[in-house]
Amino acid sequence: MSESANPADELAEQYATVRKETERLCRPLAVDDYGIQPMPDASPPKWHLAHTTWFFETFLLKPFHDGYTPFDDAFEFLFNSYYNGVGEQYPRPRRGLLSRPTVEKVFDYRAHVDAAMQDLLAREDEMLGSRTVLGINHEQQHQELIVTDIKYNLGTNPLRPAYDSELDGRPGEARPASFLSIPGGLVEIGARGGEGFTFDNETPRHKVWLGEFALADRPVTCGEYLAFMDDGGYRNPSLWLSEGWTAARQRGWNAPLYWYEQDGEWFEYRLNGSGPVDGNAPVCHVSFFEADAFARWAGARLPTEAEWETAASSHEVAGNFSDSGRLHPASSLDDGLAQVFGDVWEWTASAYGPYPGFKPLPGTLGEYNGKFMANQIVLRGGSCATPPGHVRASYRNFFYAPDRWQFSGIRLAKDAK
Amino acid sequence: MSESANPADELAEQYATVRKETERLCRPLAVDDYGIQPMPDASPPKWHLAHTTWFFETFLLKPFHDGYTPFDDAFEFLFNSYYNGVGEQYPRPRRGLLSRPTVEKVFDYRAHVDAAMQDLLAREDEMLGSRTVLGINHEQQHQELIVTDIKYNLGTNPLRPAYDSELDGRPGEARPASFLSIPGGLVEIGARGGEGFTFDNETPRHKVWLGEFALADRPVTCGEYLAFMDDGGYRNPSLWLSEGWTAARQRGWNAPLYWYEQDGEWFEYRLNGSGPVDGNAPVCHVSFFEADAFARWAGARLPTEAEWETAASSHEVAGNFSDSGRLHPASSLDDGLAQVFGDVWEWTASAYGPYPGFKPLPGTLGEYNGKFMANQIVLRGGSCATPPGHVRASYRNFFYAPDRWQFSGIRLAKDAK
Amino acid sequence: MSESANPADELAEQYATVRKETERLCRPLAVDDYGIQPMPDASPPKWHLAHTTWFFETFLLKPFHDGYTPFDDAFEFLFNSYYNGVGEQYPRPRRGLLSRPTVEKVFDYRAHVDAAMQDLLAREDEMLGSRTVLGINHEQQHQELIVTDIKYNLGTNPLRPAYDSELDGRPGEARPASFLSIPGGLVEIGARGGEGFTFDNETPRHKVWLGEFALADRPVTCGEYLAFMDDGGYRNPSLWLSEGWTAARQRGWNAPLYWYEQDGEWFEYRLNGSGPVDGNAPVCHVSFFEADAFARWAGARLPTEAEWETAASSHEVAGNFSDSGRLHPASSLDDGLAQVFGDVWEWTASAYGPYPGFKPLPGTLGEYNGKFMANQIVLRGGSCATPPGHVRASYRNFFYAPDRWQFSGIRLAKDAK
Amino acid sequence: MSESANPADELAEQYATVRKETERLCRPLAVDDYGIQPMPDASPPKWHLAHTTWFFETFLLKPFHDGYTPFDDAFEFLFNSYYNGVGEQYPRPRRGLLSRPTVEKVFDYRAHVDAAMQDLLAREDEMLGSRTVLGINHEQQHQELIVTDIKYNLGTNPLRPAYDSELDGRPGEARPASFLSIPGGLVEIGARGGEGFTFDNETPRHKVWLGEFALADRPVTCGEYLAFMDDGGYRNPSLWLSEGWTAARQRGWNAPLYWYEQDGEWFEYRLNGSGPVDGNAPVCHVSFFEADAFARWAGARLPTEAEWETAASSHEVAGNFSDSGRLHPASSLDDGLAQVFGDVWEWTASAYGPYPGFKPLPGTLGEYNGKFMANQIVLRGGSCATPPGHVRASYRNFFYAPDRWQFSGIRLAKDAK
């Protein structure tokens, strides 16, 4: 961000940059690709483009911009994701059935809201600022979802078309993994106040007792995962949680999502097209259940989120993010605890719940994070589809245990001997 | 068709005309509209455009055109509707998930096949001729489905966008209905051989004994249907077949499809936009179950297909078809048995089955009609979305009893006193 | 019935006989067996015992017996099958969840109603008489259902316990089948008035034109059906109706219901226990879809109900009914058109619908037959589980095309050359 | 236990006592009640009687008793609940379809196994002893399930029959609730080794950091819950977790399970019959989602399992258990932290997962607890249906968040100011 600018200008610039980035991610798409919802979880890019715009219209423009004229009254209902405080919502599984508004109209909607937002952001106001920053972080989350949802659309199409064949597909070389010992004790986790934006679910910072533990110094690779598969990992119920075993059988899992076998060899769909699975790359698109079964097979376990954060907190937030020109995890030869951030979201052993003393944001925005605190699992560290600058050590992502369409991978942990 | 031309030229011209008509029907669509499948029955226009092309490629070009190169090998699977004799089929409920091939690519596919077909049709050959005529009639059926499927897409979108606001929406005036008495006896129904194209399911022509009966001289109007609704038609189980009552309650029916109530008045979605229900227009978008319940309420019944055909057979095939600039049923002040053809498909009381001595076409094309001869109901007469020249008195359409998205209406019959 | 008795005495005696017969059929059951509903279609015997009683209580005692005290007010709702005119119904799929009333209590209910009925039947009254006869025929239908439903319960239990191991399980010997030619013309079918009880759906008697046809002189045997299976009948879609093929794959059909393979040999569950399939016995427990596919494989077709009735009408109503000590179809060496009645219900090619001029019974009893006239298929002739005296040539049974738990078999027909 | 007896005699006596208690709980049932499974979760009492017997047969008699003859080979499959290490399992949702073996046969099975167990227990052997103790505790868990499952069966029957009308139904009087402050710090939870039987999931004992908190001194009463209902608790989405709100709407919740409204007053089904809700009794049969929503409405929260155990650990394990003659929660006027044990299971805020360093039992018995450690919620303290002596402060029960058929209630907690 420009150093001399005043805070309002900076925010306006940051707003514009993030909004443009969303549109850049959509540039390789055909109009045909924008409206498809191949499963209820994977919303159409058009919907993401509109919903992120709806967020600014609903929480900034309507309450704070006196002269604002809504672009289309029906959008309040159509593009509300889950905010009961705003009103009823168009049903999520039907998002792919909206051929109207057209893509063109949704881009008009974005332009209409962007213009009004620039107008509004000329005003300096703390509440406006914090809500805009929230909206920007919200939009970044949807940038990642645009990538994962379009991957699911194209990757489950029998034609397996590339999203962008120019993406760098070389995974690099992986070094052998080892476990690093990490002393326990009474530690603190969670976001400290006053150090930049954080989501409400990262707070309050609080004490946790941790025993000594060991953490793998890099994520599990495809080669290691193939060994699990070759050893009958998908056929041995004693490795699996009960619900995991049921999910694997009902859904016919025998490999990570996007993998397919041809003439005895494993291939995978990547956003630059299809090719043989490379044993060096971190494995991704596995569910929590697969991560947990793999860990049991490997004589290890998944780390808790407190362990993960304790180990990660002294590391710089850098890695293979969405600006690397890859949109696929890669390997690393870095020493020590490597690939903490970027590449793959790392499933933890922790159920997603409120931290002690957690208070959601007041009002409707309190529906952002808190109301999902049941039956989901925490993932940490960001992925190759996460916008740079979006995550941090205290960042808590969460998905359902059977979900596989995110760039989700595995880092092993162990109890100290 | 031009009188002086030789048969091969005529067929080539007819082929070109019908293929262009399909594309004309799609012209009002946005690219966004082509790929949507709002329910499993309502396929995307893009799919119809490709499947009708697949039909010519599969049954004409591949077997008969020596130098033909398939456009894309994957299309054999992707655009096969239900021909097991050709091979496996891409699952019907997932047709709306194919963002690729794009609309543009599908139009390229059409051009590729059309060029090869013109090449092939230069040759005179009886088998080619009869298969091409079948393909043309097949494409006309899909023209009607394009209209009904796009209506379902746009009409169930909360924005209710018009398909073409220039369509003529004036229903005209309806005259009072009366019953015409028709003598029974030993009649013949079914297609006569050698009088132009007919589908296999219209044959063989055969004798049927009919008692004397009476047939309404026009279809039921919206005004008459509103009286049924006002009289509690949707709340009185004694008017309904058991499965109909269950369907009505499970699906929440309280009016025809596309009708909605606002401030105590009934509106409907039409392809030119939304407006108040006009009591003069024939009611349409009702299921067999609603047609049957209405008839019982009216002290009448639905005609059998033999009764219908007997009454219709002496009438000229003319009426409000897809070339009328309406794409919506209209009223008529014609004398006598009116609106026999066009406006609305008329539900009969007859289950769809084989005529005595029925023989399906040989080979894979025998899967066209015969294998659906269970659990469906015959409709007769064509609708405002049927291409002109496509139907005739012996033409048998068939849908499931709860289906409502076709332009399906009601003509009453009665036993003679 | 005794010749000297007055009609009221005769009816009272007939009532008592049929009521006792229902209880005789239940005698081999353990208390445990009475309450089980292994699929929604197969109601618990306890429910049948109560519902048939409810029929007399609802349609005879409550309206006509002044001093009658209902046994339990809640039974009006609990044991109403589908009569909307009486009121709401306890949901059919939940009939197996009613551990109360106990079996003992249901027998008390029967005794309570039987006593009041005997009281009522002392009075001579035409309406009482015809309703009682209807109730008796209704109870006989449920006698057959008790047999088929308990067979489904025991036959799908992994222990496959016998219902009654004393039943005669010898199928006898079958002779080769041949086709008998039957002249067509203008025939009459349907029940004549004034010749004893008939259901409303058998009326009115009416003219039908039939072409000449041929009818197999006996039902298809297990041996013939095994040849169809050995020839890949369950793997060849070209033999099947489209819905039949889907049903067969979704439900995993590869043989009739109750057949299972062990060490390369086919066994079946019968009510007297399990044993090898006997090639001589008529095949049963096949769906309409299987019957239709078998007929196509055999180069034949199923008869229409008019053909069947025309051929059957001159035959004496005699055969292997529920009093034969078998409760399983058997073979016959009879000459000519054999096994027309009893052994297996014969699937026809005819959808179940109203005869021309059909009028249901007035009032709530009109819900008995008429409201099911959609999407079902007519079966004719009765089975080894049908009470003797219950069926006749004009009798129309009806089930859904995929249903297999009735004793349903196949008789082939052919067009005349 | 008798003081002079040797350990083997004591165990044999304890075995016999617990086995008899299971049968005592079934004594009020009619044979009809034993086989019903009103929802997949609520297994038939007959199944519980057989499965607990299967446990001893499978894990004690087959491996350790040389001369043991299995009662019926098919039972290994039929009564295996979820032990993949033993083999395939009869599908859980179909347990209610097994009319055979009969109740009588299952009691024979119990007697057969009991005799062999007494034989085996004459031998002194540590492994036998610990497995038998596990089997006894397993049987006690099923005693509670017998009570809850039969309550679900009878309580959802439209007749609402009493299980035992002699049970004491007087709830007593409740005193006002207040919050007790509990100091935090570094505490230990989990079972200490060597102090009697514990389940593997209670171990190992480990350190947890707790902030200061406040815990309600008694469970929430029906009166307090009625205030939540009157205040629109079931209509206000802002009180609910997202999944909870969806569950409540889809399942039509507007009160605890077994409550129903009549003429404006709330009644509930209890095992002694139906009656008006008594505001004094602890509320029970609420889901985690309802408990969580109630707590939010009350300005409080649910305790974590560590908080609960810390507060409970100094309390005597005494209260309203299954031997109290009630089988329903009651009130208490006890001072201080009251009703910690018995009455109602208390939903905690903690997802069920492994304690740090958790090791499941070796072999197939390791499937007992560990494989369910995902997507369930911990409940603490036992209920009025729990056998006395079965629970302790470290005992962890677990059910799914929407489950309501257990005796599950609410104890509130708060952060310290």
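Should a chain be cited, it is by its letter among A, B, C and D, assigned in written order, with residues numbered from 1 in that chain.
In the analysis below, a residue touches a chain if its C-beta (ideal position, glycine included) is under 8 Å from a C-beta of that chain, and two chains touch if they have at least 3 such contacts.
Just so it is clear, the model here is predicted, and its values are computed rather than measured.
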Chain separated most widely from subunit D, comparing mean CA positions: B
Gap in Å, rounded to a whole number, between the CA centres of subunit C and subunit A: 59
Between subunit A and subunit D, centroid-to-centroid distance (C-alpha), Å: 38
Whole-Å separation of chain centres (CA-atom averages), subunit A against subunit B: 46
Touching two or more other chains - residue numbers and ranges from subunit C: none
Touching chain combinations (by label order): A-B, A-D, B-C, C-D
Subunit C to subunit D touching residues, read off their complex: 30-38, 46, 74, 77-78, 90, 96-104, 153-154, 156-159, 161
In the complex, subunit B residues that touch subunit C: 82, 84-85, 186, 206-209, 211, 237-238, 240-245, 288-289, 292, 301, 304, 349-351, 353-354, 356-357, 366-367, 371-375, 377, 401, 415
